[in-house]
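Naming follows writing order (A, B, C and D), and every chain is counted from residue 1.
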Amino acid sequence: MLAILLKDLRIELRTKETLAALLLLGLLILVVLSFAFDPMSPLREAAAPGVLWVAVVFAGTLGMNRSLLRERDNDCLQGLLLAPVDRGAIFLAKALANFLFMAAAQVVLVPLFVFFFNLPLVTTVTRLAPVVLLGLLGFAAVGTMFAAVSLRTRAREVMLPLLMLPLAAPLIIAGIQASTALLAGAPLAAVAHWLNLLAAFDAVFLVVGWLAFEYVVEE
Amino acid sequence: MNESAHLEYLIAAYAVVWLGVLIYVTGLARRSSALEREVAELRELLAKRPR
Amino acid sequence: MPTTARAPAALELQQVSKRYGRVVALDDVSCAVAAGEAVLLLGANGAGKTTLLRCAATLLRPSRGTVRIGGLDAATHGAAARRRLAVLGHESFLYPDLSAVENLTFYARLYRLRDGAARVATLIDRLGLQGWAHRPVRALSRGLQQRCALARVLLHEPALLLLDEPFTGLDVTAREQLCTVLGEVHRRGAAIVMSTHELAIGLTLCRRAIMLVGGRLGWDGSVAPGDAAALEDRLRGGRAQAVA
Amino acid sequence: MRSPDLTDRILPPAVIAIMLAALYLVFVRVPTDAFQGPVQRIFYVHMAMWLSTFTAFAIVGVASLLYLVKRTPHWDHLGRAAAELGLLFCTLGLATGSIWAKPIWNTWWTWDPRLTLTLILWMIYAAYLLLRSLANEPQQGATLAAILGVSGVVDLYLINRAVYWWRSIHPAVIVDRQGGTGLADPLMRATLIVTMLAFFLVFLWLLRLRLRAARLQDAVDDLRAELA
């Protein structure tokens, strides 16, 4: 399982495709959303966490499609399926790889977000870190599984957000609500219930992915 | 509370429900009867052309 | 074909059927390939050859019946069964952005081979890939990619080799080399199930042939190198009668 | 399944009888709500839609799981039929909910937890049906849809929690999950139960019709394959 993860990291370091896609898309969405708010209005401050999460969610969705494409040329997916490893492990490796790519993208995107909304850099990053990371894990889990599902349909790009985002509603709501509270200075304990929800979401979809991947890839 | 204005909403709500169910049922009925006819035709064709 | 008492059959299919909705790809096929035996898989296009190979490789779950690899039931011991087999098809299963060595090292780790690096090195030399070992697979010619794929197949010394039209798209020299390597592996005891249209080459390796007709087992018998012509017309005729 | 002809014979008249009783109760017998006036009667049909929607989605979840395990076409048909009907009742539930919200809160849409939950479920099951139609092969579509079906049900509780915490304000008159039906008058409660039962039977009846249509479709495909 680790071998698959390391392989994905090696390919990514060499081609940097997914990382570049995630970064640029995130930046693009941040900018476009900033147009939605008149720079002077107080509304801008209140909407900040929402903007960040929308950028994370949509950049992640579009980036997720790329992750399984790597297995398509030369039919490498069959190479993996032939390995003496059960199919759930392949899912976990791909999900972790996606999680790491998205986390890496956030290392650049969150400071940019802070820059656009002139928030205090250090406090924002330290406060948001737990929520964003928990959120990204769940997002990678549900995203990887449904990327594999949508690969097998005719309208791949459209299918992934349609399948994934409604299911990820609790993750998005919890992420935004927790981030808003944290940015407003609430202690971590005050958002514990949101974090528990995120953790539960991660656990549920990592397990569902592990079990269902066998059926997703079979002919 | 202006009583009369709300009656249309009440009627509208129940009308929507009945309309929805009705549209679905007619669609389903039409599809089923078309399928039944097709089954009959195909059976006939099969019978006429014994293997 | 009773399983020899000494070693379990390299591959055993018991009443295997595979349906895609209404289309029946395989219909109640039962056959066994003993350890170290080389079998030619024949049949017109769409007769079920690829489906049979994919079921044998545990890539496809049969709708009915069981597939056993080295005595292990593929449905319950999938992972362990896969350790014993390898597949060489049209596609190389190699990552274009990684070099030949990186690809092979990845597969060595995937198959958890302790002496992975050593095996990769010996295979690179044996297949004459030294010159191209560190260039991304994307840059290699079709013939070279096929040789890398062959290296990948031999990495974990499988007891069963499943080959789906391995010779298509190869030039003459590449074909000869593939044939000699397969001969070596076969002599060292690996069972081979090969589906190919190049009967001449196939017959140099295999002493037995199985023919699929419309997803059913049409014929299963021993063959000699000279039978290419006879097999050719049987394929066209599709009738099941004894060869010489 | 139960003997088909018996159910087919008793179900339609039973549905019509209970439906008439429900309509009679709702429009004639039940006392008008003191605060909201006659428009409060939308509540009964709205709740009936809610029950059928949730039963449908529960059936989709179970049918999807069984299809993944057993692979028999029956569970696939059931999953699809339940999803289609679930979507229908969900749409009607949302419509009645917003028609009712307009006179009471003067807005077509309120982010009331239950309505939001219904909206999210609506999107999941719309994706379920779209997935089936866009899959490369029908049989593959069934498996992929089954996976979404299971994920949807598993996700239900998480969505529920998220939505309720997000919109914790809760208008008293609408049924809150913990307490009773929030209806003082016993006749109101009786009307609610009868209406819910009536529409639930409509749901079951439609489900049977839809399953019959699915079996007919299979028969047609079989015959066509035989002829080919």
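Basically, contacts are C-beta pairs under 8 Å (C-beta built on N, C-alpha and C of every residue); 3 or more make two chains touch, one makes a residue touch a chain.
For clarity, every value in this text was computed on a predicted model and none was experimentally measured.
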> A-D versus C-D: which has more C-beta pairs touching?
Replying inline: A-D
> Which one of the chains is closest to the middle, using the mean of its C-alpha atoms?
Replying inline: A
>> Need the CA-centroid distance for the pair chain B / chain C, whole Å please.
In response: 54
> Between chain A and chain B, what is the gap in Å from one C-alpha centre to the other?
Replying inline: 42
>> How many angstrom lie between the centres of chain A and chain D, each centre taken as the mean Cα position?
In response: 32
>> Using the touch definition from the top, which residues of chain B touch two or more other chains?
In response: none
> In chain C, which residues are in touch with two or more of the other chains?
Replying inline: none
> What chain-chain pairs meet the touch criterion?
Replying inline: A-C, A-D, B-D, C-D
>> Taking the touch rule as given, give the residues of chain D at its contact with chain A in the complex, in rising order.
In response: 68, 120, 123-124, 126-127, 130-131, 134-136, 140-141, 143-144, 146-148, 150-152, 154-155, 158-159, 161-163, 165-166
> For chain D, which residues are in contact with chain B within the complex?
Replying inline: 35-39, 41-42, 45-46, 49, 88, 91-92, 95-96, 99-100, 102-103, 202, 206, 209-210, 212-213, 216-217, 219-220, 223-224, 226-227
>> Going by the contact rule set out above, which residues of chain A touch chain C in the complex?
In response: 2-4, 6-7, 10-11, 14-15, 70, 73-76, 78-86, 218-219
> Across the complex, what residues on chain D touch chain C?
Replying inline: 137-139, 221-222, 225
> Which residues, counting only chain C, touch chain D once they are in their complex?
Replying inline: 20-22
